[in-house]
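What follows is subunit A paired twice: with subunit B in the first complex and subunit C in the second.
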Partner chain A sequence: MSTLKYSYYPGCSLHASAGEYDLSTRELFKELDIALVEVPDWFCCGATPAHNVDELLSLSLCAKNLELAEQVEGDLAVACAACFSRLKFTQHTLGENETKRTQVEKALDAKVRLDGNVKHLLDILARDLGLDKLAGVVKTPLKGLKVACYYGCLLTRPPGVPNLDCVEAPTIMEDLLAAVGAETVSWTHRLECCGANFTLSRPGVVLQLTNAILESAKAAGADCIMVACPLCHGNLDIRQQEIEGVYKADYKLPVFYITQLVGMACGLTPERLGLEALIVDPKTLLKEKGLL
Partner chain B sequence: MSRIGVFVCHCGENISRTVDVERVAAEVGTMPGVAFATDYKYMCSDPGQGLLKKAIQEQKLSHIVVAACSPRMHEKTFRKAAESAGLNPFLCEIANIREHCSWVHENREEATAKAVEIVGMMVERVKKNRVLPTITVPVTKRSLVIGGGIAGIQAALDIADAGHDVVLVEREPSIGGHMAQLSETFPTLDCSQCIMTPKMVDVVNHPKIKLYTYAEVEHVEGYIGNFQITIRKKARSVDEDKCTGCGLCMEKCPVRKIPNQFDCNLGLRPAIYVPFPQAVPNTPVIDREHCIKFKTGKCGLCQKICGPGAVDYEQEDTLIIEPVGAIVVATGFDLYSITEKPKGSSIKGYGEFGHGKIPDVIDGMTFERLASASGPTGGKILRPSDGQEPKQIVFIQCVGSRAREKGISYCSKICCMYTAKHTMLYKHKVHDGQAYVFFMDARVPGKSYDEFWRRAIEDEEAVYIRGMVSRLYQKGNKIVVMGSDISVGVQVEIEADMVVLATAVQPRTGADSLAQKLGISYDHYHFYSEAHAKLRPVECATAGIYLAGTCQGPKDIPDTVSQASAAAAKVMTLFAKDKLEREPIVAKVKEAGCVACFYCKKVCPYGAVEEKEIRDRQGNLIKVVAYVNPGVCGGCGTCQATCPSKSVELDGYTDEQIVAMIEAL
Partner chain C sequence: MHKKKKMIISQETMDIQFVRKVEALSGTSVRRCFQCGKCSAGCPMATFMEHPPNRVVRLLQLGQWRRIIEGRSIWYCASCETCSTRCPNKVHLASIMDALRKLSWDAEGPSKESYVQLANKLFLDNIRTYGRQYEMRLAAVFNVKSGQFLKDMMLGPKLLSKGKLKMFHQKNKNMVEIDKIFSRIEEMRRKGEAL
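The block that comes next holds the complex of A and B.
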């Protein structure tokens, strides 16, 4: 019986476009016997729009969510890279800046606590549970699957804020996949920006950026891409066919969430992992590798 | 009865901004024993000192307290002034109301009250000061110079030319240091070897210079004028007296594929080698780690073919003791390595630049070796990966330097100029090539420097892009450089054939352990600290030790040579007198109370405590007591704090004086 317990902040995306990330997270954690209790009455972290428009609003939204998370025992588990970034930023900024902290406390009419741990799922799987333990529960090693681990721009940056791994040369995703038997490729664009929410306002920019990422992954010999962020997923997966059309390319690179690949290795069925929700169909690839 | 004079300094506004100096003078003036108290804007200036001298004579003052800055700053100044007015200099004390008061407080009322207390303490202490006679010690007029780069060479030659013996110790098998590795030098583009190697020859031929190469300072004892240096001469496996430097051994050595560090690992060398053909001394050394003879016991070819029989596999490290009076530290720098940094290191590496794993991403020194006529490519600029000539080359400045988030905040000072030089050397050798430089600022102050930098842009057509590079990656046989041009606010992507990183100047690895041997201080980067940033830039706080070159901080060749000559001048000043006057702040043993436990001997960091026998007239031993050699004592007071019977006291800091200070509070 595992003693690991977390409060869980899914974030808006996981209740909408990234439902399969939420599903696979819950199912994987169930399988690994890690308790996840959703933060009661949580709301949006503000994401990019809030801090672009009003810093105080952004900080207050996250501070309120941190306060709500205190009701549930355990560190706060976050799946989305953007939610993770905003929550960490809030802890960092309020910890450093007395004036802003006072403003936020006035807005919330409550003292802000900054000592709670905010952890990305990667951190929980690779460090709290541990790679050795994870390797021990693998039922179907992802042998022969060549994965391009895509961190995106938010997961490790800026220096001194998320402190998840080395800022410019992280290895946590590669380490995680090595533990479940997959092969990872060395590629150049794992930390580049995908264009994020510009996908709505400036799709041309996003197509250019995501194309470079897909091109680099393909050139490195990857079969698929693994992400830890719903927005990166949207840009690389949903837009992939469009990118192929615009840039006359042929990628066909399925884009998985970390929990989907790790879940697959732990023997979870495609239904429990929400694989059917992926736009670039992974079935052919998985059959080819004997994983389906 | 004491007639104490108190002189309160404003230090411009440094003190008077926070401390009401007039009130301090007025309040102190009423203290018992104080006959005269006044204040002045700059007490250390000529009129300020004049005020003090005049008061000593007119008011017949017996003791002086100057309330001013730290005694480290002006204690000497005021003691000298007191002496010239006929007072024993050790009857003058400093009350530090600047560093200890005005600089660290904001509240004027409280700071003033504290200043009065500080001065009051010194008034009570000075009452108990004794007249101390100056101690004189002999000076050994020989100097040690540590490091045989351009700094050490310049200092050694200057001191030797003045007629004093010099012991020059170099860690590597040859002198020359980094400068010997350079191709051409800014701002005149004269060949580094052409100006460096004659100086190296001058060193080895100088009758006053004793050169130890492949040697390190093992241990340092003593004090200014009287140091004892233990030098470890590492086993070279070649007898320097017998070797003629014919080079046959190097030709015949069967091990040939060892990367040559002198060529930044681009070229190869044998196991018996000189680092470069112009090495001084021109005596090879055996690299025991790679030599077949040392690894397996077989081979021995070099010994067989050596005509004079100089190869000696049995040679061992030897320890040599050299007495010297002064030390010049000129140990130079290491270049920031672009390879991966160990986990937990305060210096973060450049994962975004590939951690040195992209073969055609090199550092500035490697570029120097490529551009050098004596380098592994004979001066042709060729890519390490495939030997092709790069047609697009990107230089990135400030790699490691001025990058707080990477662990180093300082500017390395030389990179702007050497990068400009690199673009020129490149253009001179690859006429159809294009050089790009990513830079934050151009920091090119110096004689003819700005002109040189402008020339790189205007005449040699280097494209300077103001902005930083976020990432480098290999794409086919190109390196993609992703950067920004902040002057026009666009992202820039260049497909380069080669990238040169201007990496930071860092202190030598192990600079801290040498500093501990020498008893000198260093900053948190491990650059050695000068005694005063402006007024004593080549002296260490430890008397008799001087600094030259980049071990003190990043600097270019002109600055290094200037500092080396300045350090040499300081050594000559020291050697100008036969005897050295020392401060008499030394410990004295009260023999009657001494119980000969010799705790003082154990704790003394200077080795100043000796055992002394006391005998009666018939020669019978009465007791053994501790004796402090005043020539060696550093005046730290550790013995005084340790002595269980309170039988040893530091003159000027006796228990009686300290208690008087406490009671004054």
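The block that comes next holds the complex of A and C.
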């Protein structure tokens, strides 16, 4: 029934530590009748480390991925906020800077293609499919679930580049959850950085920043957090117990991916959403809310 | 330590050539900054830096690049882009940070902040070797090379049981192509065609 078709760039984390994001994305899209075909033999986008020390390499890796994506019909669907930001930044920069484009074309030994659309899953669910249509297929509204929507840094920044939503006051996640019947809380740390890849080099930094995020979500009365990025998820979920120990706090806030919460509302089973893989166990909360 | 705080601005310490390189690499103007400090006010990492973001730009305006690249500030930037988002005068500070790290990296990192640099290096090595990230190897090699053998050891079993730690790397058929991209960039730099 649906004619929505996308090429799909999962990114490295979704094939490893964020397997449940990949699984829930594929299952949700199947349920919504949206075609998703993975780009064959895609590369790492270089993420933050590449542009941190070698912008030319970062731009070249992303441009190569954009070229590979052309093999599959449809706009490019991206799940990870970091990959999304880099691919968008590359399109933007190469479109505007002749020198950098020439250098990248030399590095790839090919002309770069900048005309394809790159879209985050949020954009596809909220705009391409549409909130009304989504609300129409909801089987189990997430009634009574109070969610803190966490955007992190890279979904909306830098200004004028991803153009997903307002750079300082986005609402796309809240709108999405309203369509599936969940409540969202108003809180302070929606767009604050979680420390991202410092999780490897300087985990102390991550603990401090992430603790502030968890504290803010808890203070706002949230039952759980929703994210759209595997790095944010890793820091908030995997490190949560450690943070509770270091900062003598008690959060117990399950951290869901966007596709897990929307999938739950669409009636997908916990197995199809990979809920088992979450470190902070959501079962008690979901049972309490009558969602499990 | 005390002596280091004194700044001498002279022809010997100023290097405007360096500033031009930063501007070329970042595509943004260092001179536009009027030191309002909004970048530092919103920076989540400023507390970890010896020079907060606005001071990094001020030092750059004064041609004092050594102070910047010898310190750890640029390596503690998380690239969250809050500064670039909020700058009232359109200075793209996150791109300036990228350019500074690149130039510091090329100078073989005189900075004492070695962990972040090591993590970056291993991340890029993984791309060249496997085409994609290999998280398990990244963490293991980082621990060995940084001498922190027990770092995050408690997380290991938990991640394994949840299927989050993959023992083997992801397969990619384009490995020749990826190596060519790295080689062509190296070649361009040797010939002076790119910074």
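Criterion: the second predicted complex is superposed on the first by the 292 of 292 C-alpha atoms of A that agree within 3 Å, B and C clash if a C-alpha of one lies under 4 Å from a C-alpha of the other, contacts with A are read in each partner's own complex, and residues count from 1 in each chain.
Operating definition for what follows: a residue touches a chain if its C-beta (ideal position, glycine included) is under 8 Å from a C-beta of that chain, and two chains touch if they have at least 3 such contacts.
Predicted model, so just to flag it, every value in this text is computed and none were measured.
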Taking subunit A as the common reference for superposition, should the pair subunit B and subunit C be classed as clashing or as fitting? clash
For A:P159 in the superposed arrangement: first (subunit B), second (subunit C), both or neither? both
Taking the superposition as given, does A:C12 touch the first partner, subunit B, the second, subunit C, both, or neither? second
In the overlay, answer first, second, both or neither for which of subunit B and subunit C A:N235 touches. neither
For A:T188, using the defined touch cut-off, is the partner it touches subunit B, subunit C, both, or neither? Pick first, second, both or neither. first
Have a look at where A:F198 lands relative to subunit B and subunit C in the superposition and call it first, second, both or neither. second
Using the superposition on chain A described above, determine whether A:T48 touches subunit B (first), subunit C (second), both, or neither. second
Considering only the touch criterion stated at the top, classify A:V167 as touching first (subunit B), second (subunit C), both, or neither. both
Which chain, subunit B or subunit C, is in touch with more residues of subunit A? C
After superposing on chain A, check 182-190, 488-496, 596-604 or 614-622 and name the one in subunit B that bumps into subunit C. 488-496
Would you mind listing the overlap between the subunit B footprint and the subunit C footprint on subunit A? 159, 167-168, 191-192
So in the complex, the part of subunit B that touches subunit A is made up of which residues? 340, 348-352, 355, 405, 471, 473-475, 480
Of subunit A, residues touching subunit B in the complex: 159-160, 166-169, 188-189, 191-192, 219
Which part of subunit A faces subunit C closely enough to touch in the complex? 12-13, 15-19, 40-44, 46-57, 60-61, 64, 68, 93, 97, 100, 103, 106-109, 153-154, 157-159, 167-168, 191-193, 195-198, 200-203, 205, 209, 238, 242, 276-279
Within their complex, subunit C touches subunit A through residues 25, 27, 44-45, 48, 76, 78-82, 84-85, 92, 94, 98-99, 101-102, 105, 115-116, 118-120, 123-124, 126-127, 131-133, 135-136, 138-139, 142, 151-152, 154-155, 158-159, 162-166, 170, 172-174, 177-178, 180-182, 184-185, 188, 193-195
